[in-house]
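Quick one: the structure is below, and I'll ask about it shortly.
Labels A, B, C and D are assigned to the chains in the order they are written; within every chain, residues are numbered from 1.
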Amino acid sequence: MTITAAVSGASGYAGGEVLRLLANHPEIEIGAITAHSSAGSRLGELQPHLLSLADRTITETTAENLAGHDVVFLALPHGASAAVAAQLPEDTLVIDAGADHRLEDPEAWFKFYRSEHAGTWPYGLPELMLDGGHRQREKLQGARRIAVPGCYPTSALLALVPGFAAGLLEPQDVVIVSASGTSGAGKSAKPHLLGSEVMGSMSPYGVGGGHRHTPEIEQGLSNSAGESVTISFTPTLAPMSRGILTTATARVKPGVDGATLRAAWSDAYGDEEFIHVLPEGQWPATQMVLGSNNAAIQLAFDEHAGRVIVSSVIDNLTKGTAGGAVQSMNIALGLPEGAGLAQLGVAP
Amino acid sequence: MTITAAVSGASGYAGGEVLRLLANHPEIEIGAITAHSSAGSRLGELQPHLLSLADRTITETTAENLAGHDVVFLALPHGASAAVAAQLPEDTLVIDAGADHRLEDPEAWFKFYRSEHAGTWPYGLPELMLDGGHRQREKLQGARRIAVPGCYPTSALLALVPGFAAGLLEPQDVVIVSASGTSGAGKSAKPHLLGSEVMGSMSPYGVGGGHRHTPEIEQGLSNSAGESVTISFTPTLAPMSRGILTTATARVKPGVDGATLRAAWSDAYGDEEFIHVLPEGQWPATQMVLGSNNAAIQLAFDEHAGRVIVSSVIDNLTKGTAGGAVQSMNIALGLPEGAGLAQLGVAP
Amino acid sequence: MTITAAVSGASGYAGGEVLRLLANHPEIEIGAITAHSSAGSRLGELQPHLLSLADRTITETTAENLAGHDVVFLALPHGASAAVAAQLPEDTLVIDAGADHRLEDPEAWFKFYRSEHAGTWPYGLPELMLDGGHRQREKLQGARRIAVPGCYPTSALLALVPGFAAGLLEPQDVVIVSASGTSGAGKSAKPHLLGSEVMGSMSPYGVGGGHRHTPEIEQGLSNSAGESVTISFTPTLAPMSRGILTTATARVKPGVDGATLRAAWSDAYGDEEFIHVLPEGQWPATQMVLGSNNAAIQLAFDEHAGRVIVSSVIDNLTKGTAGGAVQSMNIALGLPEGAGLAQLGVAP
Amino acid sequence: MTITAAVSGASGYAGGEVLRLLANHPEIEIGAITAHSSAGSRLGELQPHLLSLADRTITETTAENLAGHDVVFLALPHGASAAVAAQLPEDTLVIDAGADHRLEDPEAWFKFYRSEHAGTWPYGLPELMLDGGHRQREKLQGARRIAVPGCYPTSALLALVPGFAAGLLEPQDVVIVSASGTSGAGKSAKPHLLGSEVMGSMSPYGVGGGHRHTPEIEQGLSNSAGESVTISFTPTLAPMSRGILTTATARVKPGVDGATLRAAWSDAYGDEEFIHVLPEGQWPATQMVLGSNNAAIQLAFDEHAGRVIVSSVIDNLTKGTAGGAVQSMNIALGLPEGAGLAQLGVAP
């Protein structure tokens, strides 16, 4: 039986990537393709790379248009998804690529988004390690509402969770610096995102605790550590379209050595299809994972500073958004977890 | 029954792309992975993006190692493939991604390569239009030796052949200017290909008739036109890893108008899975086809100059090399022509 | 005596580059810095790289604010400069970086701009060769109104004029394909100019005679040739901020050989400070001229096709806009022609 | 009286940038231009952007060729400069752009370079704050041997020194993550530096305390702090030719607030010509300083994490190498400190 999926927010980068992946998915038939201001347009005008879908017409994002599908992907502005989801049947699988349902703490939501919290949905990061050897994957099986993690949190959590879950890292003075491609900032035309401005240039933004992804990263790390973790997070914009490189560093607890650290990361991801701890001495590059659902990770113990340094790379639009969404969909529906997801990046 | 394939030249960009595509191919099992100076290495050291194949060992490129497979891909330096192919059984499908067997004219070969011509194999550009309404595809069915076209010729021929095949264009004063990503220049470390040199910079090379792809393009155009076509071809290096944008322009024969031109291109590619003539007013961009086997094409009639201008884009490593190779393999083996080949580019 | 200069359109890329050059100019004092929607802002907000001018306040672009300076630079939208210039004294040197006063033919203006022609000012390309061995430079000496050429025309004219001025080239079937950095498209935020769209991508635009620079290039070539020259011009957008690479090719008249061609170009630019014909075998790259007022040129005679191919590179914002403007100002005021203009590009 | 300068290592990126700056310097005449393997070549072959110097011949790097100049710039491989310097007169100003004479501690040198320490020369970072309100500038006045800082240390020290000099920061758990353009890795052709590999990709390297710049950064911070400072430093490679963005973060001492932090940085650089603390809310981008000798800095107090985060940008080849060298030369010779150095970056 074919599974039908509707995609809202189809004019943006996240929506476009969901469509790209679904078109390659062996079990999915793409139904409604919706957006707001571009409703009525050919998809080919908005997403010219989706050549085989170019003649599909974009319809308005309404509950009516999204209803009647087995799966509905929401790639909407902040604050918009709860109202749409409420109008969809409870047994429709609704996957929200936006931020609305990620945070568990309504106060943290209000502090960063200045609106009422829409509630918390199961968090779509299957590899996340929880207390007692459990994985987040279990909570997604059979779920009908899923919140896709942010791209920075995906990258940061995959980097650091093995150390916190194994009790090897101090919960203070965790520092995370990430470099993201510009597609993470979306498709709306802002002057500082012009090619002329970003090519050949690196810049930070949202510095000093102000980035909305900070509470989401701290939530995931704290859940894994079983204690409250505080981070300093600085995102930077890199001159590339896709990819996130995260450099994450934390103080190592007394007595922990390099071999113990390496073992923790290897054990954490040894059975994971998409998370690759590289052989010692090989460092990740975002190019390795372009267009794929992979993460590649390397770590080093800096004895001099008493810290572990972990580098992780993902494609922000694939594993960091649409790939994570499709992987979570597969789990929720009982399909093979990797269906429709590329295991090989496009390089060079 | 599973089909086995060996890939030689696996340490380079062409070989790596063949492996990427074959790993996604539903009917193919990857056998020997061979190279020369890197024999004995883990594939992951040379092709870090091929994460799921990282632990495969590269063996030496010898006929012995390549034998016993249904298909053998050769991605070797110029002049090396004939000797290897001669040692492989006649019923093994041998696909040469190099230049050795593309040209029909031994003198043209000698002029540009200064060595003896190795012979001509069926040319792996299925969409090429031949006299009498035939397509090159027919010559590939059941073939056991195939010469993959060069990346520039693929781009230029797809752009101009419809006009020549329909007898609409003058055979003189054809001008072709192509911009290629740097992966077309291969993986050997030359100073002018350093990132520091190419980023933020455009430059021409091989100007003035000296580029080796000139006779290959003229051969294909002449075969389509049924008369000798002469071109001026200038390749340029663009600051991107992948992609070719070809701007091709030719004088239009007297009496030909814009509608006739458009009809010729639309008719030529209307049934082709991978060649997309865009709706009027939409121009191609290399990003549209990244990582896919697609070509996107647009044309305009410049009445003022009496010329048609055609723009085409391909991914030089996919449709321009490895994708064309796999597509030709599919045809030769009677598989669905698009098996294992992405129809959607990775964008943005 | 210090010369004072006002700069309008100071929030855009052309205006910013004029300011960068003037700040380094030994004879100029920067006066009013004006713009429209950003009037009242600190310059540092709009042009963050102009650090030593950051605290200057942008004022409204009015004749009142621009008056009282020795020189006024206009970097305004099409159609706006004539009205401003009319309100400035006749002995003020007004330099228009926009298109309004470049074309000699009011009909050509109307065809491409759909408005009344504002009149023709001396054309600010000093190196342009005119009939009888004259140069455009002579017409700029003492001028008080100057029209700065477009960036594409600067690049194309510098490439081809020596051949037309020497009577070596056929006036038909001239083909020009240029690749420009994105800064040529200006600073207004349009979706197709986002970094995510342009990085890693090449695309054509304004194809088929539709680009507004076509009549300007034909005007310059025809004036040099002494007969009407027709071109096919295709601009493309390259993934870099600055730089234009022009590939220009024309049929060579019967009997002309390679040595004659080379001599024509060498003679044309042997005494020019900013135009460099490279030694045989060395091809230009846009990186060579970044931030400088230089053009670098190479040519080859393609005997096979009977055509000369000329490659030229400039920085579109410097020699192609602001540098050409300052060079013309220097000539008009009797200053050393190269005052304030870098002779060395910033590379790599 | 004209001052003559010789430049060794003229075929590399550092040497090329020294030449670019000296050619614009009002007081300097460029004498010998030397290199090793490219001795005998035209400079234009190796440094095609130095168009006005293209016909100069590169000579062999020998003491004989370098002698007889007032200033000698050494841009040589590690370990080579001491021998050359020993053969030059004591009253010749020798400026070493390499690492040999930067470190004060011979053991630190041996640990990272595995060779005998060549001795310590005055450190060419004029803005560096020392105990008692002194600046490093004082030590450069009249000096005849100067060690130019590494590009990463320049960036990191400018970012953090004001806080340490003012006693506001804890000396442990200092984390520095820097993104550098590829020109920092030099001009030798290595596969991982190919354009195809670096474009569209971010990657870390030298992780875990292994980078040779770590002891140099710790030396500078410790000297400013008056106590031993320990850092975790991770360099990353960004897809751009030039520029370093450093993100540096340190724990703030109890009781220190945001206003105190801001005052420390503002006071530190208020009188500095090339170091710009941006207005609150404006963040630096490497494009702002391209080709200039400027650094731009911003900071934020992250109360949540109890840390200050400082972002700094420089051009690694200008302020980070050749600009710092010329600035130090100016001080040593009693010239205006900014002579020959651009105060405005080339953007966009």
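Just so it is clear, contacts are C-beta pairs under 8 Å (C-beta built on N, C-alpha and C of every residue); 3 or more make two chains touch, one makes a residue touch a chain.
Chain identities (UniProt): A, B, C, D = N-acetyl-gamma-glutamyl-phosphate reductase.
Predicted model, so just to flag it, every value in this text is computed and none were measured.
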item	value
Between A-B and B-C, the pair with more C-beta contacts	B-C
Chain whose mean Cα position lies farthest from chain B	D
Separation of mean Cα positions, chain B and chain A [Å, integer]	35
Where chain B and chain D are represented by their mean Cα positions, the distance between them in whole Å	45
Residues within chain A bordering two or more other chains	13, 181, 183, 187, 194, 196-197, 199-200, 239-242, 285, 287, 290, 348
Residue ranges of chain A in contact with chain C within the complex	13, 181-183, 185, 187-191, 193-200, 239-241
Complex contacts: residues of chain B adjacent to chain A	13, 16, 20, 23-24, 42, 44-45, 47-54, 183, 187, 199-200, 241-242, 276, 278-279, 282, 285, 287-292, 294, 296, 342-348
Residues of chain A defined as touching chain D within the complex	173, 175, 177, 179, 181, 194, 196-197, 199-205, 207-210, 214, 230-232, 234, 236, 238-243, 245, 247, 249, 251, 283-287, 290, 298, 300-305, 307, 309, 311, 313, 348
